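Chain nomenclature is as follows: A, B, C, D and E, assigned in order of appearance, with residue numbering initiated at 1 for each chain independently.
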Amino acid sequence: MTVYNLYVFDRHGTCLYYGEWNRKNTTGISLKGEFKLMYGMLFSLKSFIKKLSPTDVKEGFLSYQTSKYKLHYYETPTGIKIVMNTDIAVGNVRDVLQRAYSTIYVDFVVRNPLCSLDEPIQSELFKQKIDAFVRGLPFFSARVT
Amino acid sequence: MVSPSTCNEWELPPELCCRPMPFVALMGLDMIYNAVHRAIWEAFSANRRTDRVPQCVVNVLPWSFLQRTSYEWYIPKGILKVGWMHKHLNVIPAVAVVFFELDWDEPQWRERQSECSTRVEIVRQSLQGRGTKVAVVLIQKKAPLPPGEDLVASERAATLCTACELSAKALFVLPHTDHLVGYIIRLENAFYELSQGYYHAEARKVKSHKELLNRTTHQLLFVRHQFKIGFFCELKQDTQTALKHYKNAYSHVHELRAYDTNVLEIKTFAGFINYKICRLCFQHNLPLDAISNFRKHVDLCKTKSGSSELAFEHAAWMAKQLFGDLFDEAIKLGLTAIQTQHPGFYYQQAAYRAQDRKKMALQLCKPLASVAYPLPDPLETPNGKLDYFGQRPWRQGHQSIDPPDPAREREGILALQWHEKAVDHSGLIIPLLSSAVAQFKKYKCPRMKNYLSKSQSSMGNYISTMLFNYVLCEYRVERWWVILTSILSTALKCAFLMAQVQDYITISMELLGRTSTLDDERKSVIQKNLMKVLMNTCPDPEPACDEAAIEVAKNLWKEPGSVKSNNVITVEMQNYVPFVECKAAFLQESFSVDSPVKFQLLLRASCPFPQRYSHLSVTFNNQAYNAHCMVSGSCDSPCSTEPPTEGELCLLVGKVQRHDFSFVAQTSDTGKAIEVRAGKSAICIIKMFMCIQQKKISDHNNSSIFFRNTFYSPMPRLALRVEHDPPALSFELFRLRVCTQSREEQPVSDVQLTISLQPGQDANLSQTTHVTLDSNVQCDDSFPSFLHNIPLGNLQPGDQVEKDVFVKTTLVGSRIFLISVAYTVTAMVGDEEHHLSCRCQQVRTSQNGRAIFVTQVSFVSLSQFEPMTRIYSDDPFLLQTNILSLSPWPITIARGCFQLQPPMASPDGDPASQLKQDEIGSDCCCLQCPPVPDGQSGIAMGTYTIFWKRFFACGSSVLFDEKCLLCSSVLVFTEMPAFGRVREVLPVRFQLHNRTAFVQEVEATVTASDAFMFSGNKLVRLRILPGCEQELLYNLYPLMLGFQALPQLLLRLLHFPGATNEALHRLLPTHIFVKVKMF
Amino acid sequence: MAVCVAVITKENYPLYISNIPAANELKFHYTVHTSLDVVEEKLSAVGKTASDLRELYLGLLYPTEDYKVYGYVANTKVKFVIVIDSSNTSFRDNEIRSMFRKLHTAYTDVMCNPFYTPGDPIRSKTFDNVISSMMMQVC
Amino acid sequence: MLRTESTKINLMRPLGQPALACAGYRWRENYYSHQRRGGYNIGVRIIEDFLARTNVGRCHDFRETADVISKNAFKLYLGVTPTVTNWSPAGDEFSLQLDSNPLAEFVELPDNHTGLSYSSLLCGVLRGALEMVQMAVDVRIVQDTLQGDLQTELRLRFLRRIEESMPAGEE
Amino acid sequence: MEREGVRMADEALFEFLHMEVISYIFKSLEKDDSDNGKCTAKLEGMGFRVGQGLVERFTRDIPRFKDELDIMKFVCKDFWAGIFKKQVDNLRTNHQGVYVLQDNRFRLLTQISAGKQYMEHAPKFLAFTCGLVRGALSNLGVNSIVTAEVSLLPACKFQVMMQRA
């Protein structure tokens, strides 16, 4: 089990943070482009799901999975979106993402007066924390099997 | 008509206050003729120290002994006879001792023995069956044999005893051998024993009456007896029991039914007993008992005020309980009091009571004016004194509820009121207050002390506000405005009553200020009054003064001395908030010399009416500017309270008035700080000194040099460059290096340089600017301010020529030069050759001469190092020249010298030093000007010349301004330390020189100052012989910290009544800085 | 009930003095002002002696024949003085204590009013109410 | 001992601000607008903090929002629970009534500032916070204890829902 | 858990307010002149006033201070805890009226950075607190100058210099 990478988007689709761990192959496109695509995908996916869903959805969608990886999605009412790609063996990590939001994003970005909320995050502290957080996850393992 | 009983009816009788001691009477001692007797007497009476038994010995001749006082048994007429205590202290002895010279081996023993016995008999007679113990002392020449051996003695002693009916114990032998005192002391102790026995007996005699008493008729006697017993016990030196009985007595007193007729008696006596009790309590070191007892006493008696017409009596009585004294006495005997429990409080209480008394007396005795003093004087008594304590003279011994004779009663009261009227209450109150003050001071209560000393100083009709001042500033400092205001109001009242203009104005101004808590109505009254005073009229009386006083005051105000004489009153305002507040500010931190200095003055009045003022002036440290900052308006009726008309200077209530001034600073002040003291003067009477502001005039920023090239066609190709390093200094030879470089392809010929001032500049620049090619030439006016057609020869293409031109400016200011080069060049046009001449490269170069020095000359008095506006003959002074270098480059001062006009004495010493920019060198010499013939007021001083160099030697000089010279008759020199220390002596010596040809009579007075105590005569007249001098020595003793005004020495020349002090006082220091005491 | 309540700064000038009857304002000013002597004396004892009073309440400062003057000094050296008519002896010491507590709390709230500048005389309705309640309060 | 104070303390916090407001802002309006702007900025951040603490999800309707604001938000940050009342019939407007306004607990308006709406900070906060959860609202103070009213009343009006839009330059 | 939550919450309120005030001041003063001196001074002033108020409240129920040191201890313990929910980690003094309060994890800095990043911004987040301390002390009758220094966030030192009259 492992974590590949993690995106944090704000409500306007700016990618506030991107972190990468055991990601092996990269898309040809630039990170920026990748962010755009990723956000676009999420956005349309979300609205699509909303339309399909029989009842009013509260959380949007939680994750989708391909044969190779699994994308976990968490969105706050304020539109902060956290996306984490792991291998398929990883189960539901909603609470993990929620924790990432409440204990790391909020503590070290929202409560850091020097971070403006709609620009990519500069704070080293935040980066350390999130990195430590991910590495600390039970299903994170540097071992590449 | 004040009879002894009434004049001091409130004083406790001395016999009560003293400490009772057994009373022993010695008889048969012949003091006059008999040395031995005298020796014995002295041994008894002299140096009675505490180690000897307490005893009061009196020598009486037997045949003039006490007259009998009847002692029969009666229905009580009062509590205690006035004489009683006295009787037992000084009249009836406890022991009567008969001295008799008799030796055992007396040859005619029998006769002597009978003689002795008769003596004893007489004494017995005179004692009339009183219990007084009688003792006989045989004065013998021989020392006695050891007892038992001398049979004769013992046998004769026995017979003698029987003859005189004495017990053997009462017979003593006093051999007057060498150790007399030893015997005496032994005797004393014996007598003491006897006296004890006596008083004991007396006490129990009184006790024995007790059975006979019944509650109804003899209530008074209960009190009396208890008191008497107590008293006897005290005599017996048994204070414990005494206290017990006194306490009983006290409780009995309050059992008595009190009504108007006897309440006084009861109170009086209660007072007595209380006094005794408290006293004993303190003696037994039970201060708390004493205090509680006193409290109880006061509470109990508070209510017993007696008849309303005589309310003041009650107050008086309350004031006279002497607890303070007792307490204090106890403390002196080693009792320790605390801050919250010390005599001060009781003195204070007493004082209050006394004040109540005054109040009541005032209102109760008012009507008396109409009524006459009743005759016959009801206060007269047959024997001139009362029989019983605290009874009414006109109905002594009368013990029923209502007065026997109402009419008489009324008269009596009237009489008492008359006497009360005569009492000087303040005289009673002030000592109480002052002892209270002392106590509070002792027990670390500065504020309480303050408070009391304030009420003390407001006692009496008028106390100079000086007295208030130290109290006032306390309250100012602690900002208790309500209190401050009240005191000030009192002070104002006083000032009015005494027509003290100065004080009156000062106080009014503070009372009108922001901090005073008076209501507007009151304030407006005060302001009106102030106006009145300023218009030399009497102000309206302050509220609550009595008519008579007001009349007096009015007259005082009318007196010329009061207002008119001093038409300028200076009021020091630093230490309080006056009714016109002023704030001065420069609009910038610093100004440059070329831009005007902007200065702003804000005024705000906090008085109810608009306040006019005649003019407003600002005082700078440099007088020159004062003129710029002045406002004066048409102030016809300065004191009216109507709203202002046009062109009047008037402060509207609560509005901030702004005055803007602007003036150009003098260059000489460059880099200096200007100080300002803004002062407002109302109707040229009151000056206020206000806040001080600092400001700097920045150095003139040095000018820049700039080129502008203008091109012609055919374009001349000659580069022209001017090298110089500005700024140029005035008086120096400033070098301009003109470099010309040919850019022509062809060689150019007869190149000529022309340099001149650009036309259209200040005309006199041409006079003050010299241009030369030769640095060694000393410039003089013959030199023109321009050079032209200076040949520079020919130039091959590309080569360049340099030319130095020197410019000297004698006047500060910037100049623009035109530098142009003309040349001819041959150019090919077509195929024929032309010689065309070009005049090219007009170069304008601005360039300014600028001052190198600011040389400022000041005359400084030797005494205070203060600048003088005028100098005085024979009065040495300093001539100081400050040379400030403004040059960016070091300037070497070759020398500077004074060229003095006679009669000035030439100084010595030249400065040879180098000054960097903004460095100030100063040269200073002491001058003295001999007296000059009259009529010549001004005197020229001479010039000061500085020789300096940067590149080339130059010189500049300054002319001192004229000084007007005065002749002073008497000169004063002061010798004193630079500063003082709090509570350390500060000697000051004034030397008075007589400069005149005749004898001077000088009257020197020294004004008091809050900040100093001083020793030395306050007022002296002294005559100084011509050309001689006199010394005045004072030792000052600073009390306050900081920059304090010194006691002022005022001199009056009796021969020159007109001679202003100003001439003298310029020489006297006015303030001194007082530092903290060193530890 | 209290006849006079005063708040005095550490510099010893009054921030607030209220008294009944208003007529003898001056008298009370003096009473309070002089009482400061005792206050300062007591304060100066703090720290010096072993048995110093660490309590803010200073107790009875001094009795005059018709008043009892009590003192209380906050840690911030603000002094509170309450004068009580000695005629009503019913007062318990702890009642006085509680009065001071109330007073102090009220003062603290004044200090917390952002529009109040420390050192200015107190002009606050709430504070006035508290004071008057203490002066009215029946015992 | 300080525990007991701790609620008070947070109320001491705003203390400095009006002081500053008065210094910097003579005019009431300015103070007002400033406070709102300041409040808004706070709101923008505090909402995140709020969500992080109490993971309440997105609200279905305005009523629920009102409930959350009063029962959770106010309780959490100011320790009081205002009552939600005066619903407009359309259900798009309601009032929050505070019997005691912690922000203004010690505040007394000086005479020269009467009518200063001290608590307008709150309006800003609410606006900012709600905007972050896609609700554009208008908040104003209709009653204020400082103005002598019996209670402080905030009026919230729902303006519109802010729809999340696809970032520009997306095909 | 709940009351814990509450405690944290007022914490947050303070933080946000504080940061807003700072940003306001810096914004508002940018126009005329953007020298931080003025801004920090202003913040310091506000802190001063708040400190005065707070200390009045905090010291209401505690026994009288014996001496200066006693006061400083109070500032480090109760006062600090009251505001920042933790005590000062270390108090040092030279006994000549200079005290150094060291807080290794200063509340207002912990969120910002751990290390050198944002160092240049640190001062404005300390100004208010300097004011707090100075205000508290002055109200306790001790005039002082309070300065702060940071070498490595979020640790910081406050130096208190008593001004003897």
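Here, a residue touches a chain if its C-beta (ideal position, glycine included) is under 8 Å from a C-beta of that chain, and two chains touch if they have at least 3 such contacts.
Given the structure is predicted, the values throughout are model-derived calculations rather than measurements.
S.K.: Count how many hops through touching chains it takes, at the least, to reach chain C starting from chain A.
M.R.: Minimum step count, chain A to chain C: 2.
S.K.: Which chains, if any, touch chain A and chain B both?
M.R.: Touching chain A as well as chain B, we find no chain at all.
S.K.: Quick one: how many steps at least from chain C to chain E, stepping chain to touching chain?
M.R.: The fewest steps needed to get from chain C to chain E is 1.
S.K.: For chain A, which other chain has the most distant CA centre?
M.R.: B
S.K.: Among the chain pairs here, which one is joined by the most contacts?
M.R.: D-E
S.K.: From the centre of chain E, which other chain's Cα mean sits the farthest off?
M.R.: Between chain E and the rest, the longest centre separation is with B.
S.K.: Where the CA atoms of chain B average out and where those of chain E average out, how many Å apart are those spots?
M.R.: 47
S.K.: Can you check how far apart chain C and chain D are, centre to centre, with Cα atoms defining each centre and the answer in Å?
M.R.: 39
S.K.: Rounded to the nearest whole Å, what is the centre-to-centre distance of chain D and chain E, using the mean of the C-alpha atoms as each centre?
M.R.: 27
S.K.: Can you work out the whole-Å distance between the CA centroids of chain B and chain C?
M.R.: 33
S.K.: Of all residues in chain D, which are in touch with two or more distinct other chains?
M.R.: Within chain D, the residues that touch at least two other chains are 12, 14-17, 19, 45, 49, 53.
S.K.: Chain A: which residues touch two or more other chains?
M.R.: Residues 107, 111 of chain A touch two or more partner chains.
S.K.: Give the residues of chain C touching no fewer than two other chains, as numbers and ranges.
M.R.: Expected reply: 112, 114.
S.K.: Every pair of chains that touch: which are they?
M.R.: Pairs flagged as touching, ordered by label: A-D, A-E, B-C, C-D, C-E, D-E.
S.K.: Flag every residue of chain C that touches chain D in the complex, lowest number first.
M.R.: Its residues touching chain D are 109-110, 112-116, 124-126.
S.K.: Which positions of chain C touch chain B when the two form their complex?
M.R.: 11-14, 17, 25-26, 29-30, 33-34, 36-38, 41, 61-62, 64-65
S.K.: List the residues on chain E that touch chain A in their complex, please.
M.R.: My answer: residues 12, 15-16, 19, 22-23, 111-115, 117-118, 121, 125.
S.K.: Across the complex, what residues on chain D touch chain E?
M.R.: Its residues touching chain E are 1-2, 5-10, 12-17, 19-20, 23-24, 34, 38, 41-42, 45-46, 49, 53, 76-79.
S.K.: Residue numbers of chain E touching chain C in their complex, please.
M.R.: Touching chain C from chain E are residues 49, 52-53, 55-57, 59-60, 62-67, 139-141.
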